[in-house]
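Before I ask anything, here is the structure I am working with.
By written order: A, B and C. Residues from 1 in each chain.
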Amino acid sequence: MHAFNFLAPARIREQYNTGITMMLDKGLGPRMVEDFLEIAGEHLDFVKFGWGIISLCDRDIIKEKIRIYRDYGVEAHPGGTLFEIAYIQGKLEEYFHEAEKLGFKYLEISDGSIDLPRQEKTRVIENTIDHGFKVISEVGKKDPRNDKIISLKERVEHVKHDLRAGAEKVLIEARESGQNIGVYDEKGNVKEDEVEYLIEHLPAEKLIWEAPQKNQQVYFILKIGPNANLGNIPPEDVISLESMRRGLRGDTLGKVKL
Amino acid sequence: MHAFNFLAPARIREQYNTGITMMLDKGLGPRMVEDFLEIAGEHLDFVKFGWGIISLCDRDIIKEKIRIYRDYGVEAHPGGTLFEIAYIQGKLEEYFHEAEKLGFKYLEISDGSIDLPRQEKTRVIENTIDHGFKVISEVGKKDPRNDKIISLKERVEHVKHDLRAGAEKVLIEARESGQNIGVYDEKGNVKEDEVEYLIEHLPAEKLIWEAPQKNQQVYFILKIGPNANLGNIPPEDVISLESMRRGLRGDTLGKVKL
Amino acid sequence: MHAFNFLAPARIREQYNTGITMMLDKGLGPRMVEDFLEIAGEHLDFVKFGWGIISLCDRDIIKEKIRIYRDYGVEAHPGGTLFEIAYIQGKLEEYFHEAEKLGFKYLEISDGSIDLPRQEKTRVIENTIDHGFKVISEVGKKDPRNDKIISLKERVEHVKHDLRAGAEKVLIEARESGQNIGVYDEKGNVKEDEVEYLIEHLPAEKLIWEAPQKNQQVYFILKIGPNANLGNIPPEDVISLESMRRGLRGDTLGKVKL
């Protein structure tokens, strides 16, 4: 039972599917993860091990972390960059094999730093699913100059394409910073017209908005609702985000419908 | 005994009363809290469990955390937003009851997100004290547009009013960010003339300045002295703040009188 | 063995000498340090206990932390500010004595907040070495107004001077923030012409660039190479930095030569 359990409204949702919170783990120690999940785990769906960092971490620790996260109902997956590195090195089979041995059930398929023609992305997503994984794909380029070239119409097409290929969800790229990338400007402010265009043309429940900054989280909660799917949340802000989803912080108090 | 104990000057003060450091806890795990307090606990007076987050956390963990903090001489209290939610839901009695059962000795009474006419705030503060709690009140609105409407003269009146009603200390609102709110501008710079006005018209030892950013902490230490009461300090900056109070960091070295 | 060990290229370097990563510890608890090093320790050379904070921490905990860091091959040293305080108090002998008893092998000699004429800095560096320590010196002033007065030519002379006096490495001051100080502008952007001047006139392997922000780390990796010596790295970014050194993050993917 929660403290002051008579004050917080419930949030009805289907875990891993709606109202998703996805956290960015940049290399937390295993004891820290356990301690964190004891207090915050129930408010998390997914955790992303950022970019290629797990290839710099002890295998047994990564296995242990995946298991600890799962014990608390949280599914971990490696960052898309690690997939991209395996892909350009021609080591996809080894990638799938190792991911399976480590215990991952979800994989991220992205082309943030590499060229992946659309047909090829389809083939890779299908291949990943054939290997028994669920796929979260990502749309957007990590280099702001390349990212800006992608028109809104193209973004919509990319997302639809990945969904048709079998992706469970599609991440809208915003990196760790949430600045000068995708739907955010240099200061991290939301480009509202762009978000509106995307929402209008795509099923909201299929998107996960990377939203590392608080103002971005507030925006999506007020725009889409308490069950907006949000990603790249820093560990220390996971419970804060849940409190905003439920109107328990000034920013959304009295403004959300649960 | 401290390392290099012959280098650090002592800081004479009365705990919970002068030279207060109040930290913001956004949901630290219990083991993390214990480990943190082992090294930093002696430099803390109060910890605020931010806004409504504890109503999303396991009751037993919150009880345990309150106890751990107290073991290190640190008094925890729930964020004012949680009080405000209980108030607008008409559940103040249950609020007091649960707060007592959890072990809180201090409660924060604020009206950052709700309307609380002055007479009513008096009544609530008195009521809280009647229930055996000590009161820390807060002055300021969480929405910058509403906050800006409050004149300096009004702010002074609000503070005096809360003190007359029995509040031990009054927090000057600055939120987690310390930007575009209260006495801080969009970049977090101190509006010095506003601070000077408040200091001139109010007893400094009764105020706790929310000062999450380092430049803000430096400002108040140099302006008011090493025993300025400061709040909303992020956990990782608690010892840094103490070092600045004692002239052990470049920003205040040779500039503070202890 | 690392997870996905077939993906990450090795980084050849000599620990404590090239490709250095130096972290800033602002007061981590001992269990947290142990947990952190279990996953990240192999990617670290040095840790700096920021400014004077250890003189506010329990001696036994500091001894324990130094030992834990060393168990993972990481050498801790107190911030230069602590040396400066000992120096102006005329307590250098006690400083060396206590540092030795605590287990430090490296000491930082700086003049960021005090005046230390060049001959005197030589004498102090030599004295520190005579006491059995290795010296990391720092060049730069903590107050931006004082720091700006130092010309590039002077900076080069300061560094050369400290190296001649026996310093192992020289830190280029950037503080915790990396903004409006040394080679960084108000926004933390690198003043590229200044860095180029310094690189041209000084041996790169002798410098450690304080580079707390990601864009700064990326800059030096792309400019100097994966083995750039970088300091003041926040704990949560240690593995991220290593991933960038090895081209495992979008910012440097395909752009580094190992």
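What we mean here is this: a residue touches a chain if its C-beta (ideal position, glycine included) is under 8 Å from a C-beta of that chain, and two chains touch if they have at least 3 such contacts.
In this text the structure is predicted, and so the values were computed from the model without any measurement.
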(Q) Given that chain A and chain B are copies and touch, would you call their interface same or different according to whether over half of its residue numbers are shared? (A) different
Q. Degrees of rotation, nearest 5, to put the Cα trace of chain B on chain C?
A. 120
(Q) Can you compute the centre-to-centre distance for chain A and chain B, using the mean CA position of each chain? Integer Å is fine. (A) 34
(Q) Can you list every residue of chain B that touches 2 or more other chains, as numbers and ranges? (A) 31-32
Q | Of all residues in chain C, those that touch chain A in their complex | A | 1-8, 31-32, 34-40, 43, 214, 236-240, 242-243, 246, 248-251, 253-254
Q | Residue ranges of chain B touching chain A (in the complex, touch as defined) | A | 26-32, 50-59, 61-63, 78, 81-82, 84-86, 88-89, 91, 94-95, 98, 102, 112-114, 142-143, 175-177
